[in-house]
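By written order: A, B, C and D. Residues from 1 in each chain.
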Amino acid sequence: MKINKQTYYYIWRIIVSIAISVFSILFPLAMIFDWATYFNTPIYWVIHIIFALDLIISFDQNKRMNDDEVFGRSYSVKKYVRGWMIPDILVSIPICFLINIPILESVKFIKFLKVGAFMKNLRQHEIQYTNTLILIFSLFWFLHALHNLACVWLALFGIDENLNQISNYVNSIYWTATTLTTVGYGDIVPSTNMQKIFTIFMELLGVGLYGIVIGNIASILTKKDPAQAEYTENIDRLTALMKIRNIPKDLQQRLRDYFTYKWKNRHGYDESEFLMELPNSLSREVAIHLKKDYLSNIEIFKDVSEEFLQEMALSFRSVIYTPGDCIFEAGDDGDCMFFVIKGTLDVTVKGKSIAKIKEGDLFGEIALFMNTKRTATVRADTYCDLYRLDQSACKRVLDRFPHIAKKIQSIAKKRSDELV
Amino acid sequence: MKINKQTYYYIWRIIVSIAISVFSILFPLAMIFDWATYFNTPIYWVIHIIFALDLIISFDQNKRMNDDEVFGRSYSVKKYVRGWMIPDILVSIPICFLINIPILESVKFIKFLKVGAFMKNLRQHEIQYTNTLILIFSLFWFLHALHNLACVWLALFGIDENLNQISNYVNSIYWTATTLTTVGYGDIVPSTNMQKIFTIFMELLGVGLYGIVIGNIASILTKKDPAQAEYTENIDRLTALMKIRNIPKDLQQRLRDYFTYKWKNRHGYDESEFLMELPNSLSREVAIHLKKDYLSNIEIFKDVSEEFLQEMALSFRSVIYTPGDCIFEAGDDGDCMFFVIKGTLDVTVKGKSIAKIKEGDLFGEIALFMNTKRTATVRADTYCDLYRLDQSACKRVLDRFPHIAKKIQSIAKKRSDELV
Amino acid sequence: MKINKQTYYYIWRIIVSIAISVFSILFPLAMIFDWATYFNTPIYWVIHIIFALDLIISFDQNKRMNDDEVFGRSYSVKKYVRGWMIPDILVSIPICFLINIPILESVKFIKFLKVGAFMKNLRQHEIQYTNTLILIFSLFWFLHALHNLACVWLALFGIDENLNQISNYVNSIYWTATTLTTVGYGDIVPSTNMQKIFTIFMELLGVGLYGIVIGNIASILTKKDPAQAEYTENIDRLTALMKIRNIPKDLQQRLRDYFTYKWKNRHGYDESEFLMELPNSLSREVAIHLKKDYLSNIEIFKDVSEEFLQEMALSFRSVIYTPGDCIFEAGDDGDCMFFVIKGTLDVTVKGKSIAKIKEGDLFGEIALFMNTKRTATVRADTYCDLYRLDQSACKRVLDRFPHIAKKIQSIAKKRSDELV
Amino acid sequence: MKINKQTYYYIWRIIVSIAISVFSILFPLAMIFDWATYFNTPIYWVIHIIFALDLIISFDQNKRMNDDEVFGRSYSVKKYVRGWMIPDILVSIPICFLINIPILESVKFIKFLKVGAFMKNLRQHEIQYTNTLILIFSLFWFLHALHNLACVWLALFGIDENLNQISNYVNSIYWTATTLTTVGYGDIVPSTNMQKIFTIFMELLGVGLYGIVIGNIASILTKKDPAQAEYTENIDRLTALMKIRNIPKDLQQRLRDYFTYKWKNRHGYDESEFLMELPNSLSREVAIHLKKDYLSNIEIFKDVSEEFLQEMALSFRSVIYTPGDCIFEAGDDGDCMFFVIKGTLDVTVKGKSIAKIKEGDLFGEIALFMNTKRTATVRADTYCDLYRLDQSACKRVLDRFPHIAKKIQSIAKKRSDELV
């Protein structure tokens, strides 16, 4: 529901933006080339209808916003009546139809302020698309500025009667672009003082434009993806270490591979940390969604309560093992159990491989619940993403659910007896 | 008082800046167009009076600064006498009136150094307006540079006798702007070696100018608002998580909403952290101002000492709950109490809603002071900003005020008896 | 093995990139100057053979990638068939040979997308050469863009029959470069509307080009080498301290020297921290490689197990001493031992220098294992990089290897008896 | 001593840099304008003598560097013989005197590489002047590039016989600057293919030049002074807090004043933290220098050992109090003592001011050493920078020096008896 409301609002804002864009493209041309007919075209009327509808929709939207708890009550009917309502009404009047002084129509340009406010709003809410939005918005404003400045230039220089309207317009756009981009061929130059002052203004605008374009690109390029930043830093530290110390080539490659694996498969990002910063209720729900596939695989957790599973899910920590790493050896204390998210592992007893552990499997649970020693050695065949549940965390949860604890232990015992 | 002193100082500095600006605009024009009259106009005299007053005011200000404890004793009378006094005197002499060698008036340009020092000072003290100030100052220097460079150009190229003064000036400004902005139409080009060397100098200046404009814009654009930076990072991490794991759409939206709420309503900013970094006395005062509305609502705190309330206020921590979150359930231990800053909560007993808790209310205090179990379940209806007071923090405070502790406990007991 | 696979892949991608580059240089020229012969030259056929081979190699590579554990399974045969296979086939068809409509050959430009994907891939995996790669790739794209835009210009302006092909091409490249770099001499200007619109497009492209060039340079320049950043910060803090407090010149110099030494010889980088972030198995191996030269020097560790040495190696911490620093004094408790990585130390008994300790030596081990007091004073002669092994860490390791512990202690006792 | 060696080395490098600069300015001009005499002028011979001396000095310096412990042994005789010696010899041969083929002299330009290496070295060691050095070095390279490119242009375009040498040179510099800065008036344009290709190269160089200038300025502007960054952040957080909460104007001003005071007087920088990161010996020496003025003021510390004072000095922590803050009240436990670095404090007994404490004073020591309660209340009159010595830290030090501890306690007792 909420998403849809937001989406409808966005679509309507885009329609209004298109309407004001069309107006701002056609109106200056109509003024310069004396297109008297423009003020009677369907386009002219469609624009006015859209503006009139916007008045109603904005009013309605501000009324509804009162119960929008997420984004706060920053807008309300009162604010709208005092603020945007009067401009909205002004803009929706078909002035030329009423008093026929075309220049007054230029009051409609204030609608661009609302487009600007919408763009700012959009950029703040859709932060993940910031760069794309900056690009689109910059192009929007730049092309409108180009068009309107070209029209001012036509007004100042006068229309060349030897050329048709299109050539005149192309010429003025050509001059404007050539000046704003500081190319300045010099084939068209200002001659009167007025034209020169306008040119000075254009040149300064060009500097500002460059500053904004380049500043934006630089700010996009200097923004670091946090995962890649971590990877780069690790590689940098490795390189620094290799410069002052002697590390075998093979080990260097393995270190590099490890960092690359970590970066590629987990995006340098630790789940546990993310969960910890969430409020209690959300972190539980996210944890359960991330880990329920693994939990539902555990036979001894078959008939336990949802709440117990949530607590368990919160206690998992993800760990990485590199190929050849030993997860535990036969004879070690059984102080944790593992769930395989990715990769395969090899189970060996006295050097003989007796089984493979694959994605989705869990292992080490019997020694954990029975408090016995490991009976086999487990090594990683490939890079392995595992979830690890420590004994202490497990105990903490079981203490809160004594009934379940008793049941699990009896099941575990039965299973372990069966295995023996 | 202190604010006013500072403000007066700022206003006077702005007046002096305007005076030197007016001088630097009129003087080069007077030199080039032989405006002999300029040196007798009221403007000329007003400028000199302002400069003379500045001498006195600066002296006085440096004397007073000795007792300014906040900004340190960096300025003092001695420093002034040895430093700025002589230039200030030089600048306030109406040279043309005394010896009539107009070119000597150019010594007044050194006053610009003082404007520069003032601007630096202003930027350091009004850090929250840095961007605006950079913009205004840049424009100030750029326009003055443009004007003065245009005048130098006029002096080097000679005045075109066929044109009036305004056209001559517009032409030179036009050429200067066209060169500095690197547009370079090529309709006016240097012909003598001297002119060419000046042009080379201008072109290099243009590169530097671009560098500063673009560097400033880039530095403004790459500056991150800390609250938004945190929000962006959270959203980024969420996006990364969603890429590698399967999270239901609904939960994704709730996570996004939570981060948005946090960003919008608290600006990614934790009060407690801020208070901790302040010196003891300030942190107490701020805490009491932030929380006294809530404290005065608590009946059992009615007649306690101010100091006790301050200690209490310091112990509050703010927490957020999302809609549907359970704050506590009936039967839980009563280990904390809450004050509602924003949002509404629902009190239920055995699944039946029995009451609503609203902004400004407190709840959970009886179980806290009486060491009993919760008698009802409280859930958040909407996003809730709460202050939370933990039992341990509460106890620590009460231990320091044994008399109050006894009194509060007896009141709490009476109230809880009444409720039962 | 893995390295080679990756390297072959890179070399083949580079060959394909050269093939498409050669095509994109020759094809537009052939179109404009009507080089009918081009479509029958060996170059034309070599390019097609390379493209055909690429189809086979890409297919094979995607099949093999399934068992590539390090970089994940992002590519696979299915993906390739649905994605790049069809373009790859299209590109490898010698269209002109079959239907003789040269313009259709331009479909081959889509192969550039694959070059782009390869560049992105390369930049992500070879992060340590990011800056060099950005430079090379930027030049690659810029020169291709320049060439193709110049060819478009030739097509739009028409060939000047008075000039030979080379002059025509140089002219168009000259105009393109002059416009893209915003120099804009104005000796060649567009005359038709079509040409003007193309020029506007070129000017806007120039702005974007500038933005990317400058943004990249700025992002490279603002990137900080972490070691240098730490050094700079330390020097900054020292400077700040010297401003407000009185520190003797000599001490200032020593502090500066210390920071410089730290920066130069260890690149502001702490080994222990790096090791701690690695998975267990890798950190052990790196530690053993870094420290085994020192461990093999220790007589009492001669015949101990590899695993024991690994544990020991992990417990070393590196420390720096400045010239004149006292490492320990006679009579101190023997709570650690040291290995000299760099520098020389002076051993004194009652003020008399009795020995020098040099790179590769270890000292302090007897007092550590025998639990006696130091019998001599050791001072640093020069800057010294030492590894330090604390008693607690040593004990922790020995507890895990009781047999070795006993043996070492008996050897240490014997040695210490011999020394006495 | 060390400083001087470094300084002599810098001065000699600067002399060599000037020699190669002079050569690179005169040689191209001599080639273009056929100054046959140049190769016999004293300047020519002075340059060669400097280059010959550089050979000897570099050799000698690399020999000496072996015992330079601070900057490492990165250079040595062997390295020099294999690396820079052959170029150094080549450059010091007066080729024109021997074989009279002027163009061969251009081999001397390789000496610029050594200037570059020197600049890099200088920038790394004088990090606190980075920005100034970048500016100077950039100008150096830019002006040399400008001159040499202008000479190439003269060689390509040919000398205009109607103009004298100076005009020819100014013209070529003018064209080069106009092109490199992308102004491009178009009054001088290339006509041959060769000239056009050179122009394209110049234009691309101009883009790169812009990139470097702007990138450098942007990187300077985005660099944050850490003290100011902290201040800005504090002010930002304050502003954020004021937006969502109601804080009285007066308290806002006091908070702002506090941050400003902290920034201005201590540069956002905490001594203790800085000391902790230094090696033991250095941190003691710095601590003693910072605090000995205060320690020598304490009567009871009159005749104690230097080592004891060092330990004490390390235990001080600096604290700030704002005007009106209570340092301690009569009746509080005497758990610390204070030294006043800056500011004045007011001592009151039962609300009556009985004394003032000023810079350099210490207070609270009797209660500390006698373990009694405070007998008076002390409040800050102004902002106060104090050093604070806690009881626990004091005890820790006294435990290590039992003799001094006894002595001090007896003195303190005597003094406190006297006071009573």
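Definition applied: contacts are C-beta pairs under 8 Å (C-beta built on N, C-alpha and C of every residue); 3 or more make two chains touch, one makes a residue touch a chain.
Nothing here was measured: the structure is a model prediction, and the numbers come from that model.
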{"item": "Reference interface A-C: repeating pair among C-D, B-C or A-D with over half of contacts shared", "value": "C-D"}
{"item": "Angle, in degrees to the nearest 5, of the Cα rotation that carries chain C onto chain D", "value": "90"}
{"item": "Chain located farthest away, centre of chain A as origin (C-alpha)", "value": "D"}
{"item": "Equivalent interface positions on chain B and chain D, same or different at half", "value": "different"}
{"item": "Inter-centroid spacing, chain B versus chain A (mean Cα positions, whole Å)", "value": "28"}
{"item": "Rounded Å distance between chain A and chain D, as computed from the means of their C-alpha atoms", "value": "40"}
{"item": "Residues of chain A whose C-beta touches two or more other chains", "value": "182-186, 210, 214, 216, 218, 222, 265"}
{"item": "Contacting residues of chain A [partner chain C, same complex]", "value": "166-167, 170-171, 173-174, 177-178, 181-187, 209-210, 213-214, 216-218, 220-222, 228, 231-241, 243-248, 251, 253-255, 257-258, 260-261, 264-265, 319-326, 343, 382-383"}
{"item": "Complex contact set, residues of chain C against chain A", "value": "2-3, 69-72, 124-125, 127-128, 130, 179, 182-186, 189-190, 193, 196-197, 199-200, 203-204, 206-208, 210-212, 214-216, 218-219, 222, 225-227, 265-267, 269, 271, 274, 277-282, 285-286, 289-290"}
{"item": "Touch list for chain B against partner chain C, complex", "value": "182, 184-186, 214, 218"}
